[in-house]
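Structure provided below as structure tokens; questions to follow.
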Amino acid sequence: MVHITSNQLFRRQRTKVGAQPGAIAAREDAIPTRIRLIRFDAAGFEERDAEPCEDFRSLVEEGHTLWIDVRGLADTDSIKDIGTAFGLSSLTIADLVNVGQRPKCEDLENALLIIARMVTMDDTHGLCWEQVSMAVGEGFLLTFQETTEDCFEPIRERIRKGNSLIRGNKSDLLGVLLLDAIVDGYFPVIENFGDKLETIETEVLNSPRSALLSDIYRIKRELGLFRRAAWPLRDALSRSMTDQTEILSPSTQPYLHDVRDHIIQVVDVLESYRELASSLIDVYLSSVSNRTNEVMRVLTIIATIFIPLGFLAGVYGMNFDTSKPGNLPELGWRYGYMFFWVAAVTIVFGLLGMFWKLGWLGGSDRGRDRK
Amino acid sequence: MVHITSNQLFRRQRTKVGAQPGAIAAREDAIPTRIRLIRFDAAGFEERDAEPCEDFRSLVEEGHTLWIDVRGLADTDSIKDIGTAFGLSSLTIADLVNVGQRPKCEDLENALLIIARMVTMDDTHGLCWEQVSMAVGEGFLLTFQETTEDCFEPIRERIRKGNSLIRGNKSDLLGVLLLDAIVDGYFPVIENFGDKLETIETEVLNSPRSALLSDIYRIKRELGLFRRAAWPLRDALSRSMTDQTEILSPSTQPYLHDVRDHIIQVVDVLESYRELASSLIDVYLSSVSNRTNEVMRVLTIIATIFIPLGFLAGVYGMNFDTSKPGNLPELGWRYGYMFFWVAAVTIVFGLLGMFWKLGWLGGSDRGRDRK
Amino acid sequence: MVHITSNQLFRRQRTKVGAQPGAIAAREDAIPTRIRLIRFDAAGFEERDAEPCEDFRSLVEEGHTLWIDVRGLADTDSIKDIGTAFGLSSLTIADLVNVGQRPKCEDLENALLIIARMVTMDDTHGLCWEQVSMAVGEGFLLTFQETTEDCFEPIRERIRKGNSLIRGNKSDLLGVLLLDAIVDGYFPVIENFGDKLETIETEVLNSPRSALLSDIYRIKRELGLFRRAAWPLRDALSRSMTDQTEILSPSTQPYLHDVRDHIIQVVDVLESYRELASSLIDVYLSSVSNRTNEVMRVLTIIATIFIPLGFLAGVYGMNFDTSKPGNLPELGWRYGYMFFWVAAVTIVFGLLGMFWKLGWLGGSDRGRDRK
Amino acid sequence: MVHITSNQLFRRQRTKVGAQPGAIAAREDAIPTRIRLIRFDAAGFEERDAEPCEDFRSLVEEGHTLWIDVRGLADTDSIKDIGTAFGLSSLTIADLVNVGQRPKCEDLENALLIIARMVTMDDTHGLCWEQVSMAVGEGFLLTFQETTEDCFEPIRERIRKGNSLIRGNKSDLLGVLLLDAIVDGYFPVIENFGDKLETIETEVLNSPRSALLSDIYRIKRELGLFRRAAWPLRDALSRSMTDQTEILSPSTQPYLHDVRDHIIQVVDVLESYRELASSLIDVYLSSVSNRTNEVMRVLTIIATIFIPLGFLAGVYGMNFDTSKPGNLPELGWRYGYMFFWVAAVTIVFGLLGMFWKLGWLGGSDRGRDRK
Amino acid sequence: MVHITSNQLFRRQRTKVGAQPGAIAAREDAIPTRIRLIRFDAAGFEERDAEPCEDFRSLVEEGHTLWIDVRGLADTDSIKDIGTAFGLSSLTIADLVNVGQRPKCEDLENALLIIARMVTMDDTHGLCWEQVSMAVGEGFLLTFQETTEDCFEPIRERIRKGNSLIRGNKSDLLGVLLLDAIVDGYFPVIENFGDKLETIETEVLNSPRSALLSDIYRIKRELGLFRRAAWPLRDALSRSMTDQTEILSPSTQPYLHDVRDHIIQVVDVLESYRELASSLIDVYLSSVSNRTNEVMRVLTIIATIFIPLGFLAGVYGMNFDTSKPGNLPELGWRYGYMFFWVAAVTIVFGLLGMFWKLGWLGGSDRGRDRK
């Protein structure tokens, strides 16, 4: 799967400014187009790679469902041909190819267009997002993916195994199940965020390091990106459930309903996590303030005790002419030195007493809290 | 009751990615299923443990109410059977078993599905949340709980004692009363939050310790979880009151209304508490700043006074050759030592005067405030 | 008036968990119930204390308005009787007695239920909130108050004096006027908040003390409580104006409109105050930072000047054997001491120059601002 | 114009608590009432001061527009008489006199009531707000202002000069034009805020002084007040454009539309400014933190260098009996003093090197940024 | 293109306060008006500069599209003439000339008015915004731009080349395509913001300099301005798609839909960026706190170690009369000096041990994090 770094997601695949609407601009790094065709009815199924030049339209037949899965968007001409064959307008085809669209559901005249974002997580690249577009029509389903890998394999497997739910229904149900698979793919990512936040939380509360802030920031940023994939989908699904469209049969509605419930839950948890991350920043900042305070206190205690003592020692280090009476007579006292130490110890205990009263002792603030 | 730690709540019990919608995945730590059957009409009632294999459907009878209470969700097959017997779709049954659903009310064709979260608080584990699902239909009520303990005992007791409100009405009222019991169970938890916040508030305002911040953070986090249980329920109830459903009889409406009023109040107070917690963080942070400021001031006063004095003593400790005129003649003065002390005291009072003018004296800032 | 501390407001008067909806739980400290009856028409009026056991319902008469004012909610049996007599359901009666309800307007079948919160301010206790419930029906008005003191006396006085507006209209207008009196009672409290904020504002901008933060916090907290009394009432009134109810006659509508305008204004100002309080916290925190900065600067200036000087003095206090050439020859110079002072003064002015360039001089930052 | 300080705006001119709705309470400092009458049709016009006791109603005539402009609200009796003559209810009249109302548009039966706030800015008092109320009816327009000065003079001038737009239309257009003049008066104030914010912005970014925070706070506060004048007016106008009212003729609608566009723009810019002000506070606080950091660094560098040196000098200032071998032999070395300086210089450069590595050198942080 | 600085955007081109609505006030620095006329049908096209005095209205012909492009708004009389010729009201014409209007779509009786903001970016001036107004009517399209440069050239080129989409459709499609070109022009600007934020992000996380805050602030400010251009346009387009207007033919709707999708995406990304910028401020502030903490720790460690040592050295530098027994006997010890060093080293290690336990060692906090 192409690795799309987080920030690239902020970029729509743009045509040149002023280009005609419907102009197509494939990504420079788009993957070569491969077309996979699955055609089934309750009784049997056929699966094969297809050539771009085939007349797919003629394969649509009453009682059969045709799923044309286009992976890799480099061959824009073929995509245009396929789209046109199934009655998609040039504007719609442009949306399929110019990836980075906002997730949406659109009721075209003869098909339902769904644009969503599929997410995968891998240890090397982190999160990878890709645009998946679906056009669901009477007897056919077109899907367009940026890469060759996807999360639809379990569904293909079920078609092959003759799963009655898919095989016994029409293309609209297949479309909804694919959408369900995409949304289902959000959950492991969300759990991963949850785990990371939990780890960070423990560290922030126990031993805050400055690197944690960057970590929290990065999570907040990725949550923001996630949210931009999930929110519009949630809205689109909710809207498309109230706008009755002919393409979705009544028996498909509960499944769409189910997908919508899941995406609502995704959005809910995303919001919770964002809030949690913000709270963690607060806690982190406060712990830094606390540490500064603690450091200051140690400095203040030490300095405040020794600076006066240093002065005292300095006094008795002066070279006044002690032969003159009144000039540093202490130096000549029998117990002068002992007098000095008594004074010093008195000062020390006096100051310690003051700090005690101010509540500054007890080592660190943390220590004090444990009591 | 199974202890579900706060963060686990962020996790839906998920089937594998790409699994068919309606696939069931019981928690690994799910509790063995026990089924409790209560059947009553105005005249009499029957209560007993039931076998999973029974034909419950045949027990539904005009004029009777059948309450099948399924506790523990490990035996997914039986649950599937029961659900199917009462006409629930596989998607709905999956919602019952795959716990961690978002609270919702759904008007199925032949039943009203309510999913809510029950909360209990115990000293060892803190808050424990479990999913409670109800399917209310004509003459029957199914409830599905994660654990064997619940807050429905007072209602069962009232059925046994022949309480006319329950015994004289249908399953819809019983369902609403159970929901009422769940929402009622939120209030002691909320009060507990209130008590904790009050304690923290007192401490923050009087003697802020750094541990308080973690406490506030934890409360905010738990309030966030609570909110995710309460908000969706509030919305679902409000919506289900405007969408007239046939299952709820007019006489039940006021009770549902009452439950909704309670949940609105819960949400209100939760929001207040969250805001309060945020304010407390501000106050806490400010008190840390204040303490740092105070510590700094003490350091500055002591250091600023003694550093110049130390320098003065250092000057008279220099070993210049006093035999040369002009080299430290003070050392030979008759009142040189006294002169030194006069200079020192002058410096001290000068600096103290400066601090006085800057308003830094008066010990601590706190002391100053009390005046 | 019973003093209800701010936080208690967060608590609904709760029945036991699992109690039947409509169960009644009077506050333990509820005040003994006293019933005051006012009955009037355009021509005359009658006012007297009533016994709980009276048959109030029979007093309702075409053309007359009966106002039964129940003060103190201890005698729940009587309240139940009265409510039942006027056709209130047990759920509604429970709302009257289980104080701490969220303000609301509800259109019962035969009456309009209004629950609001009355506020009074007194120097000893601060704000006191109590629940006032009204049931307005054809020819009668029931009011239920927690305490014996209220803000309805001016209205009673007007009834006694034969005020044509009240005496010439029905119970619905009387109800709206009572509500108006309650909302009118919010304004002095709001002004009091305004005065306090103004005082705090002046202090924060001029001489921030750490106690101010607690003051702001407490005001924010009380504003939050106030808002929880005002917002729901605003919504309830707005809603009850669009839902045409039969109980409110067209001639009463403008008065209800007026009350709603007032409560909207209350909410507006509350929001402004909350925002103002938040801004003040920002300003306060910033002033603490500024002070710390100022303290730091003084310390830095003094320490930075005297520490090098102290070192210099230390150097010439060393006991190197000056008989060896090159060992501290300065000590033996004719103008060695003068040389020392020249060096010292040079250092001082060099550092002062550096501070000047950094813009640290000018005493305090405040002083600098005044220029 | 009466100077109304910002905070007074938070205060409604209140009648006594419990007063009858519609009770009138003129401000104690209300200005004596003067009535100015303008009456015109397309052909001619008449302008004169009027007596309060005149029978204004009789001046309303088919084809003529009568504008009664009441300035100063002290003479509440006359205002009551005028209002009653034109069919205003006592509640409406109270709104005219009890200034401090929330801006609103209300469709009375026979007139359209518009309450807005007029703003003027003057160098001495800052912003001055006054309530302007308008009642637009068939053939007449009543305006009520708190003071004698207003922003309507250009419109009067245009009436005098026979401007066809005003003279050829009815009272509703005149009312909308007056409202337009009020909203137009908001723009110079907004520009003034913009200029102030720009000045503060430059200062905050370049040389933050602590007084700036108070300035920003004051602007935020005034923007808050402004917003409380503009928002409700915006809502009221938007609403009154959808609620078709008979009083506004179709030809007047585009002008009302225009006024609404302006007030929407005002609100937009106000929100931008409020946000800008909040951002500026952040930047300011950060610059204070930066300065503290810079001060700290200077202190640390100086202290860290000289404290060890001071210790070194102290060591060689000790009075050990050097006759005993091993006791401070350095004092007797030939190059002892040079040895001391070599050690000192080594320490200095070692520490400077450490600071260099930590990136603390380069004088101030600002200096470093410029590179 | 005229450079409009960011802040000027906050200013509407205002007529004098009290001026009649519809009064025109050209900017003082408005550019001389040039009129470019394009007239085409499917078969042919004509393009030429036009004189202001021409009778444009007569050029409108069934089957042809007339595009009058007015660039530079100095010649207000001609603009007025043209507007009047095409039936625009004086209020509408004023909106065209008094630039700084809020973007909007308005359905005039005979035309659709669209006001939008065109943005260009150039290295010298940064962002330049200009108002572009369009009036789309039956057979004609008027555009009014502030400057001579625009982003419409690609569209003109397509007209010249006989592009069938434009040439085969009516003026409404042309209008939508121009709008599309304007919105397309937003994307490079947004990408530029994205790049800047990414750069700042890297710096904030790695080596925060104080100048970064100003940079973030400036980006937030410009994003705020951008948002004020994009939001109202989004709302206006969404609204104009639900309000069916006759001027937009059904075949144009998908193109308008497309433009709306783009502007929604723009708004989405703007919001993300604003949030990102706010998070960056948090991270920046925290890194300043961290640095202060680090500086403090170094100071504290050095000072805490050397101040006691300095005192010790001071003690042995005292001049007590050692001939008296008990007065500084250490000075006469054989290993007195060694004793001193042992004491000193003990102190140093003792303190280092304490710091180790407090976790203060490891140089900088950053260093510790890397481990």
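Just so it is clear, A, B, C, D and E label the chains in written order, and each chain counts residues from 1 on its own.
Everything that follows uses one rule, which is that a contact is a pair of C-beta atoms (placed from the backbone, for glycine too) under 8 Å apart; a residue touches a chain by one contact, two chains touch by 3 or more.
What you see is a predicted model; the values in this text were computed from it and never measured.
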Copies chain B and chain C touch; is their interface built from the same residue numbers (over half shared) or different ones? different
What whole-Å value do you get for the distance between chain A and chain D if each is reduced to the mean of its CA atoms? 39
Taking each chain's centre as the mean of its CA atoms, how far is chain D from chain E in angstrom? 24
Can you list the chain E residues in contact with two or more other chains? 285, 289, 292, 296, 299, 303, 307, 310, 314, 317-319, 328
If you connect every pair of chains that touch, what shape comes out? Choose line, ring, star, complete or other. ring
What order do the chains sit in around the ring if I start at chain C and move toward chain D? C, D, E, A, B
Where on chain C does chain D make contact in their complex? 151-155, 158, 163, 165, 177, 180-181, 184-185, 187-188, 190-191, 194, 198, 205, 254-255, 257-259, 261, 264-265, 268-269, 272-273, 275-276, 279-280, 282-283, 285-287, 289-290, 292-293, 296-297, 299-300, 303-304, 307-308, 310-311, 314-315, 317-321, 324, 326-328, 358-360, 365-366, 368-369
Listed in rising order, chain B residues that touch chain A in their complex are 7, 10-12, 14-22, 89, 91, 101-102, 104, 207, 209-211, 213-214, 217, 220-221, 224-225, 228, 232, 281, 284-285, 288-289, 291-292, 294-296, 298-299, 302-303, 306-307, 309-310, 313-314, 316-319, 322, 328, 330-338, 340, 364
